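Read from first to last, the chains carry the letters A, B, C, D, E and F; within each, the first residue is number 1.
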Amino acid sequence: MEILKNIAMVEWVYYFFAALAISGALGTILSKKPMHSVIALIITFFSLSGIYVLLNAQFLAVVNIIVYAGAIMVLFLFVIMFLNLRQESNELSNTSMVVASTVSGLLLALMLVAVFRKAYIDPISPALFSSETGMIERLGNLLYTHYMLPFELVSVLFLVAISGAILIGKREKGGRHF
Amino acid sequence: MTDAPPGYGGPGFFATSLDKVIGIARSNSLWPLPFATSCCGIEFMATMGAHYDISRFGAERPSFSPRQSDVLLVMGTIAKKMGPVVKQVYLQMAEPRWVVAVGACASSGGIFDTYSVLQGIDRIIPVDVYVPGCPPRPEQILDGLMQVQELAKGESLRRRETEEYRALLESYNILEKNDR
Amino acid sequence: MLTDRSKKTDKSDLSVVEKTYLPGVFKGMAITLKHFFMPKPTIRYPEQKRYLGPVFRGHHILKRDDQGRERCTACGLCAVACPAEAISMVAAERVKGEEHLYREEKYAAAYEINMLRCIFCGLCEEACPKQAIYLRHDKFVPVFTDRHDVIYGKDVLVEDMNNRYNRDAWTKEDMAKLWEKQNA
Amino acid sequence: MIDNQRLVEEIGGQFGEKVHRFEENFGILGFSTAPEDLLSVVAFLKEHPVLKFNFLTDITGVHFPDNTGAEFCSVCLMHSWENRIRVRIKVFVPKENPVVPSLTPLFDAANWMERETFDFYGILYSGHPNLKRILNMDDMDYFPMRKEYALEDPTRRDKIDDLFGR
Amino acid sequence: MTENNTIVARTQEEALALNVPLQEENNYTTLNLGPTHPATHGIFQNILTMDGERIVSSEMTVGYIHRAFEKIAERRPFYQITTLTDRMNYCSSPINNMGWHMTVEKLLEVTVPKRAQYIRVIMMELARIADHLICSSIMGVDTGAFSGFLYVMQEREKIYEVYEEMCGARLTTNMGRIGGMERDLSPTAIKKIKDLVYNSLPKVFAEFEELFDRNRIFRDRTIGVGPVSKEMAVSYGFTGPNLRAAGIDYDVRVIEPYSSYEDFEFEIPVGHNGDTYDRYKVRNAEVWESIKIIRQAIENLPEGPYHANENHYYLPPKQAVYQNMEALIYHFKIVMGEIDAPVGEVYHAVEGGNGELGFYLISDGGRAPFRLHFRRPCFIYYQAYGELIKGGTVSDAIPIMSSLNVIAGELDA
Amino acid sequence: MESVLLIKGIIILVIFALSLGIAAYETYFERVIAAYIQDRVGPDRAGPHGILQPLADAGKLFFKEDFVPVMADKWLFIIGPGIAMFTALMSSAVIPFGDTLKIGDLLVPIQGMDVNIGILWVFGVVAMGVYGMLIGGWASNNKYSLYGAIRAASQAISYEIALGLCLLAVILVTGSLSLREIATQQHGINWNVFYQPVGFILFFVCALAECNRTPFDLPETEAELVVGYMTEFGSMKMGLYMFAEYVNMFISSAIMASLYFGAYNYPGMDFVREFLISKLGDTTGHNLATLLGTAVFFLKIFMFIFTFMWIRWTLPRFKYEQLMKLGWQWMVPLAMVNLVVMAVATLSGKPLLVAWLGMGGFLLVYFTGRSMYEKRFN
């Protein structure tokens, strides 16, 4: 009980968001209706954004919502609505499916363990803390100086992806009209 | 909760004045579902128009979705082929709902006493107000609407749960919410 | 072409500026704004009533004559003329001592009109040889809440001598004379 | 200018005995033909280079209960817009076998007109793509416009007499 | 959608056109448009098969207000049939009314005096204006602009005032009689008509046209939508404005003039390719032509009686009935419907609001028609609707429907 | 600290209540404006001039039977309207409704919260607004609703692009993402609309589209899809959707006013402020001047709301593919041009001149080129 009292307000908020994120993630994979999965995933994104805000990364938080929750998940919902997957699919009963998912899950866990064992987290020092970290000016400066090359490469990649998408999406004769 | 003074507690004072307030609110916000099939529908257009302006009664938001409407205005002949549709629309409406049979055809079949015409929609759904005329003048349609307003004002909030009301619905063979 | 009177409608293309949507939008908005400030023709119905016209076909009335006798003789022509078959009557012979009540030897003991069947076409008024039934030009039938109230009997239909119904002209011919007077 | 006389000559010349009972009613020429000839007569009128009966105005049915052996009549009305003249073609068929060829191959408009006539009289149009009831309910078991069915069925239960005012 | 890089056809036509196998399992959805859909204005049901937003095919069901006019007519005296015809095309009931009376007059060989004919023309053209006003403005409503509708409805209200002056009803007028009119035009009515055709209507209607004609949004929604070629129009039995929009100037008023239409100067507006915009424009142009006709008729209104002097068919004056035995007998005979109708067959067509409105009357000399068939233009051309909306979207289907001006009362009879 | 929180709390509450109240009365004004535009008088029987109409509607909606259609997805059906309302209300937090209020020694800005990413916040929340419609439309298990929902989502996503590009142009000029900063920079009559009128028009059109107002009200086209995604919703659920729509309208008007029309700034504000301070003293004068600014801001908002309604009752609506075409083929390129022009203008040092020259030149070249092309090939 004493421990609980010592936890600061910020940490409460953090735990709340963390719990929400995990339950959302669980809901995503456990829910039987794809529509509900998507909603749960959106909840996860939201709580992640909350955690970003706690880390004073407001820009990242909002962009996370705009891009992931606002655009990508809407497209997900779109696809699900079009496919009309209202009925439950029983694909999981397939044994090979179960085996495959178990193996890949284990591999992922292994990888994460390996990564985190090596990971080194800077201790937070209040002296070095600047409220400007994570602010958009800093971000912009960094992106256009230090990370110039990767940033431009990524934009080229996106351009290619867009062109590819247009090419794929082009209507063919006899194709479906949407 | 402290005890209310005698006469002011329980279902007495509060409930009745709430009934009244909500009744007035309802009566001023009757969204019609214009179920217009023929001539009377044209007169309903005139009722919506500038000269008569049904919006003065707070009823200009014609909601074509039965879920959102309060008054089913049946305007025009209802053939036997149409009967089930009317009933379906009525069933889909949420309580409290009122039905106005506008014009002779909807009320009684009018001159069309034939093999194909339903002799009044009150054979399939309960009707609250009948508006005579063929077609009724816009004034008469407004009269019908005002009559519904009167009914709404006088209606208690619990009327739709009473035995009498249920019996009325059952006499029309309308069971609870199965078909929604 | 079948005739020499045809005329093509205008379907010319829009100009480049019109294609930006804006001219059409602004023109339309100017029109609606003009209407926003225009006087409103609305009749606030229950308080204000509109003149229904000189020959409006409204509420039925069974006229009495000047001495208060019922004019109807129960000939049944109105019932025949009624396309909705909404009129029914029972005829009775006038007995002695009822001369002040009925003008003719025969009268309608019962006279019923089903107001929900009635289509207010005016054929009964036209068919009546005794000028007994009229459709009032100043009043229409009220709405009903119960289908058992819709049959109007003589108690509602027959004219009230204290509150007589009047109109400018009782027949088409009188009406025409009236117009002539108006024109002169 | 083409008048009814010319029409009679043209049609009579082409079909001879197959068309009969020429009559003129208020300016419109009418004649009858047998069901098996209807299609060719209509096609002839439609495709004639001069007559040009390009428009099918109407198809309807009539029931003559007293006309034994030919109770039903399918009437079709054609109009030549250029010559401003109409013609009426009747086909009489017996009650037992009321089959008339459908005009749908020639005019798309015939589709619903024939369905309506079928709905009302039960005249069967052979070759019709979708001959079923149109105005009445599908489960109706009689043809309401036939003369033997009175308008009001006294046994009907949906009529409230005490409210009828009669 | 392609699967394994092979093109798959979804419909029979596609399969034939591309010479590929037809895919059995289709992903079409069905959408039920009607019978109480807000845009059906009346009641027709269309079960649409949709491919996304595109309509693949549609199945139409009508008859939701079938009222058996023709059956009722077989037991009604001639004069009572007006109450039926009034309710057929309720947007323009005087046209039906006059058309029916002209049919009967043709059968009875009654000549109608010139003044009555002119009054009829005025009434019919007013009715045509009312009909076209509703149709054109409803197109605005269906494309989302509501205000124009209420602007012209005010003008329609003025037309109704004229009717009220004439007969005492607004919609189902019952104003014609065998042999003429029920009443003469009153001075007030003349004043109102003049005010309408000279002042208010041209102003308001020009404004209404300005609101839509050159508005690109409206044009985009209507131009090229649901075009009807000449051949298709003729084959599907189009008449009236819808046919004229396709470019054929067929108008019963000119081809077979009735009721003194030959006296009036007017043009027949025709469209270009019969699309929705053409239908809209043709209707609007016809309103202007009708205004022209009414102006001519009201200016040159001949003096004289407003009904034929036919004791057998036209009710005698009330005063005469009261005093004169012969008049009383005629009165009884007419009301009882026992007029001496000759045996015969008549087909009479008038230019209704939607096209050629025909009355096919077979009389066996009895009290009521032996057979009365109405050629209802709506009923005949509505069958093309399914063809017209194929390949379009629901957003196209709605303006097409309203531009066809299908009136349920006329459609289902 | 405590008092600041308290004042903030009060301000947030007031903004919240105001948004709801304005949304409620927007329904009333929509009716009255529609009526006046259509030569009618509008509601006049519920209270004087029908002023109690929204209360009547709310009272009725609250006490209407609340049910979930049998075939609907129950939870999502309930959540849908909630999300719509929630997202609609959230964006009002960052709008600078006025300058600062002086309370004691404190200067408290009239704003829910002044975050330095304010405009992105709005953008993010607007992006979330789609979910309400999508979920609601899908959950009702009705084809009209589904079509409405799909249309709503694709329309919102498409127009967000142009919206974002217009926003970028504003941010470029201001150099800040904070709405307060943007508002402050438009001091007096230095409004952004004079720099980028084209940007404003584009933004306005996008705002219409994002609010699902005519001519972009495809998701709820009455004539086509009954009421679109809210077809199956009755009682207060439907009321929430309707409210959300009106709140959105209020918010987008406020954002337009603060992005392009100088928020609480008005010509001669400095003079008014000094005059008030000299007359009424430092604190009262300052506060009064601030409140005057807020009033001006609301005036601007109401002007926009009126324009929204005015357009609604004037124009026909688009067709789906035309809407998409307009969004992608007209708005996005034009917004990009606007962005480029504004970038050049900002760098040039003479923003006003260069912006007008650039945009005007572009449009002139485009239209002459286009008409010449059309003349040649048609």
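We take it that a contact is a pair of C-beta atoms (placed from the backbone, for glycine too) under 8 Å apart; a residue touches a chain by one contact, two chains touch by 3 or more.
Just so it is clear, the model here is predicted, and its values are computed rather than measured.
Chains that touch both chain B and chain F are the following: C, E.
With steps allowed only between chains in touch, the distance from chain B over to chain D comes to 1.
When you average the Cα atoms of each chain and compare centres, the chain farthest from chain F turns out to be D. Separation between the centroids of chain C and chain E, computed from CA atoms only, is 24 Å.
Annotation: 72 Å between the Cα-based centres of chain A and chain C.
Work out the mean CA point of chain D and of chain F, and you get 63 Å between them. Chain centres here are Cα averages; for chain A and chain E they lie 62 Å apart. Shown for chain E are the residues in touch with two or more other chains, namely 37-38, 53, 63, 66, 68, 71-72, 83-84, 145, 147, 150-151, 154, 172, 211, 215, 217-218, 248, 250, 255, 412. Counting only residues that touch two or more partner chains, chain A has none. Chain F has residues 34, 37-41, 44, 222, 226, 313-315 in contact with two or more other chains.
Listed in rising order, the residues of chain F touching chain A in the complex are 73, 75-76, 79, 115-117, 120-121, 123-124, 127-128, 130-131, 134-135, 138-139, 146, 149-150, 153-154, 157, 160, 177.
Of all residues in chain F, those touching chain E in their complex are 34, 37-40, 143-144, 147, 214-215, 217-218, 221-226, 313-322.
Across the interface of their complex, chain F is touched by residues 21-22, 24-29, 49-50, 53, 55-58, 60-61, 63-65, 67-68, 70, 94-96, 157, 160, 177-178, 180 of chain B. Only residues 35-39, 41-43, 45-46, 48-51, 62, 64, 76-79, 81-82, 85, 89, 111-117, 134-135, 137 of chain B touch chain E when the two sit together in their complex.
Chain E makes touch with chain F in their complex at residues 29-32, 37-39, 53, 140-147, 150-151, 154, 211-212, 215, 217-218, 220-221, 393-396, 398.
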